[in-house]
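Chain nomenclature is as follows: A, B, C and D, assigned in order of appearance, with residue numbering initiated at 1 for each chain independently.
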Amino acid sequence: MTSPSTSTGDLAFVVRTIAQTAVDNERAFGDLDAVAGDGDFGYSLARGFEIVLADWDTLVSDSPAEFLKKVALVVSKRVGGTSGPLWGTALLRASGAVKDRTDLVATDAVAMLRAAAEGIKARGRSDLGDKTLLDALIPMTDALEQRLAEGGPGSGPAELARLAAVTARTAADATTPMQARRGRQSYTGERSIGSPDPGAVAVAVMAERIADEWDAHERREGATP
Amino acid sequence: MTSPSTSTGDLAFVVRTIAQTAVDNERAFGDLDAVAGDGDFGYSLARGFEIVLADWDTLVSDSPAEFLKKVALVVSKRVGGTSGPLWGTALLRASGAVKDRTDLVATDAVAMLRAAAEGIKARGRSDLGDKTLLDALIPMTDALEQRLAEGGPGSGPAELARLAAVTARTAADATTPMQARRGRQSYTGERSIGSPDPGAVAVAVMAERIADEWDAHERREGATP
Amino acid sequence: MKKFVNDPQDYVPQMLEGLALANPDTLKYVPEHNLIMRADTPQENKVSIVQGSGSGHEPAHVMSVGRGMLDAACPGDVFAAPPADSVYETVKLVASPKGVLLLVNNYTGDRMAFEMAEELSEADGLNVRTLFIDDDVAVQDSTFTVGRRGVAGNFFVMKAVGAAAERGADLDEVQRIGEKVNSVARSMGMALTACTPPAKGSPLFDLPDDAIEMGVGIHGEPGRKREKLQSADTMVSELVSAVVDDLPYSSGDHVALMVNGLGGTPIGELYLVYGRAHKQLAERGIEIDRSYVGEYCTSLDMAGASITLVRLDDEISELLDAPAEIPIHVF
Amino acid sequence: MKKFVNDPQDYVPQMLEGLALANPDTLKYVPEHNLIMRADTPQENKVSIVQGSGSGHEPAHVMSVGRGMLDAACPGDVFAAPPADSVYETVKLVASPKGVLLLVNNYTGDRMAFEMAEELSEADGLNVRTLFIDDDVAVQDSTFTVGRRGVAGNFFVMKAVGAAAERGADLDEVQRIGEKVNSVARSMGMALTACTPPAKGSPLFDLPDDAIEMGVGIHGEPGRKREKLQSADTMVSELVSAVVDDLPYSSGDHVALMVNGLGGTPIGELYLVYGRAHKQLAERGIEIDRSYVGEYCTSLDMAGASITLVRLDDEISELLDAPAEIPIHVF
């Protein structure tokens, strides 16, 4: 595999890591949601992504679009609350962004993330600044896109993963002083100020885990640099 | 007033002190009842005896029997739970023990206490050793009776009051290791062991207050020794 | 204390006032005697039914007044039997030519108050009987106690005697039915938390996060023993076994199963408990013909539940089926 | 966590199983889709009514399924809207030729799930409408939120559309009635304590002994503001004023008054609250024709209460009067 291309193996790794992170952080994500929300965010995500892990073999596919669509259906079917429709839509739109493709390149990652964000915007009638997961997802996508446009050093997969993680974390932290304008948190008015958005933090935690495990993943895949 | 006689003034002082003690100890008596009972003992007594204090002028009478009967009716009418019937009966029987009397002597005090205890026994189908207020009331009555029978020094009113207080306290303390066999406490079985009976403690606290305030009372009454 | 309360001494009167305001056509509140009665009682041709036994058990007993159930309830203060005088006044207000049946949960204070009221009423020439309810298997009947307590099973007695009285049964017959239902009813309760009487302002006892009280009555007093908090299945099984083994109820018996919340346990949990109890009884071959899930006889805000079984025959089933109109309803 | 629960993940399924076991003749539990439906739905000549909106609100909505109310409820996990897929499956199961009305409490997640289900169902050629309930005055309607929330007022909508559907009204008419009732219903709630979701195992927020949350929804989230605990009179007056001033309700209006417990508050306190609210409304010249006191839409074991007013006219009164047969009952 040569930079800046990516592969279905990378995609599978990313999705699996997202799923594992959701399951491992059930309590932590729930506690974040308890501050100004109803505490079920961790539970909701975990119930869906644990099925993704359990049914993994029936989901993986040579077609990235096919794979993402199956994952999207599992998530839509099991995850309730706001997260079910949002994450299901995001995964479905990501699938649409790589329709009919077999080999993925780094710009596909950006396209998938962009499609996911647009899907969430449409489904949630929300946008940047509403204190939602979009406030981590969109800056992260922008940073990747810009780096790839600039090209040159620092656009290898591991470096891109680290860039995504750092950007998402900074962006998630930046949701703390915001007032929620969408989702259940918004009902508490100004009281949503002072704690970060659970969805945005989840995006950051997932991106960090992907970055942290990227090298091990590449070694496992026996990828040649 | 000469020892060992007593007077309606003394009786009024005793009843008034009992009433005041019940009102002042509402919370303390309630907390005692909360250990193995239902916590309402202090509330029940206080609701009745506060009316005794408020309606005092309509209750006092030259006739001790008349006075005690009126107090008994107030208590019966307002105090619920087990305490209403028991304390109401006790007061009514005490009234009966001095029927048609105008001046009381110390042995009348014993007669009133004995009648009260017998009334409680009959109403409560209970006896010494069941871990109830009888376990303070009966030893106290016995001690007074014995001292009066012995005669001689130590049978002045103030000394008798102190004897009653000391005996009642010792007896109330001695209910701690007993297992309740009557009243709500008995339902907890062996768990009633280890705390004193609220009714017995109330008797002791009342007797102590009477003893403590006896001298002041005598001075107030301008009694000649 | 986290409660909707003004002066704690007004807790009971203001509750009764609210109850009467919410049911202006059917109920009457008599503040002087702290009682709730049917607006249309007494009735010439009907035995009147009265229950008392302390406040804090709502909907028992003040919210069980209405056609087909009680004619009046004189509740007393929180967890305190009413003064005998209140019971006596209540009896006088509802006295019907066909007589009055007093239902009493078997506790020392309640026995005394109702017995005294019965004596006073009889002296007035009134026709009064007293029936003691003692369905609680947590308390062993022995010479060392005043016998078993009355708990949530009282609802079945109220319902059956209420229906019988409504049909015109005479006092003997109404009493017979009440005693019969009581004799086939058994209950057992447990507390997850202590309750807080308004006048006390703090919980009646301390219960660690991992402990429960097994075998509680309905006055917030501790139970027979303290146990570790366990899974719903395990705790329900302890309640079910205690109840089933007591009468005992046997394979082939037809029963009513009540899961009664003690005040602080949400209805969702009560249905979960119901499901587990139902299955455990089914495994023993006991047939559940009628189910009751909700709050019937509570201990203020205590979290916890009790289970009651009543062995049914045609007579009891028919009486439980009869209509009743009491304040407790959804629409 | 002091609860009757086995594995917290089984909390909802085991509650639904218990509910179905307790109502074997009238209800059906479909575990695959986590739903409760009437045994006799769909009916040719009746619009079917469905409500969802998270578990933990019992008796809303699964215990409101029955003749004259809902045909089905698909509750989702605790405090989580059901997945769109569950709603879609529910619609397919209850679809009647006269159409299906979906009732949705207005929350982001619920809106999404029901809108997606509506799209999916319409693609199948089913006749489906969605009605959003938003009676909560604690949330200001502004472009910064998704609008007011739906809380306990949903019960009146369910009852009215249920009665209308039972009489054979068509989908347009049923929807018109639901919207009308929603437009004259206003609610406001407050919490004395936080609630504990089984899967979380601890209270959702910390609330000091002397503090309350004013303006809470029904998902255990904090309210609009934290206030000092005060007397019942004072707190009730804040709730009543907020509700009355919002529509507003005026002197001479005839209303239904509901005092809804949030799960951990005993019925005795709710009647006390009812009495205070009743008097405060009477002072404003508002006439209370119908009273509802109890638990209708809860937040698990939260102590607290909400007040709902519905302005009545003959049409609404008559629909509220119609019979309904749901699991929540006493006998």
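Criterion: a residue touches a chain if its C-beta (ideal position, glycine included) is under 8 Å from a C-beta of that chain, and two chains touch if they have at least 3 such contacts.
This is a predicted model, so every value here is computed, not measured.
Chemist: Among the chains, which one keeps its Cα centre farthest from the Cα centre of chain B?
Modeler: Relative to chain B, the chain with the farthest C-alpha centre is A.
Chemist: How big is the gap, in whole Å, between where the Cα atoms of chain C centre and where those of chain D centre?
Modeler: That gives a centre separation of 29 Å.
Chemist: Just how far, in Å, is the C-alpha centre of chain D from the one of chain B?
Modeler: Taking the mean C-alpha position of each chain, the two centres sit 56 Å apart.
Chemist: Report the inter-chain centroid distance for chain A and chain B in whole angstrom, where each centroid is the mean of the CA atoms.
Modeler: Computed value for the inter-centroid distance: 76 Å.
Chemist: If I count partner chains per residue in chain D, which residues reach a count of at least 2?
Modeler: none
Chemist: If a residue has to touch 2 or more other chains to count, which residues of chain A qualify?
Modeler: Answer for chain A, listing residues that touch two or more other chains: there are none.
Chemist: With chains as vertices joined when they touch, what's the shape: line, ring, star, complete or other?
Modeler: Per interface graph, the chains form a line.
Chemist: Check the chains against each other and report every pair that touches.
Modeler: All chain pairs meeting the touch criterion are A-D, B-C, C-D.
Chemist: Considering the complex alone, what residue numbers of chain C touch chain D?
Modeler: By the definition above, chain C touches chain D via 1-6, 11, 14-19, 21-23, 55-56, 58-59, 63, 159, 192-193, 209, 212, 229, 231-233, 235-236, 263-276, 278-279, 291-296, 298, 300-301, 303, 305, 320, 324, 326-331.
Chemist: Could you list, by residue number, the parts of chain D that touch chain A in their complex?
Modeler: Per the stated touch rule, the residues are 9, 54, 76-86, 107-109, 112-113, 116, 138-139, 144-146, 149, 197, 199-200, 204-205, 217, 219-225.
Chemist: Which residues of chain A touch chain D once you look at their complex with the stated criterion?
Modeler: Touching chain D: residues 30-31, 34-40, 43-44, 47, 76-86, 88, 123-125, 181-189, 191 of chain A.
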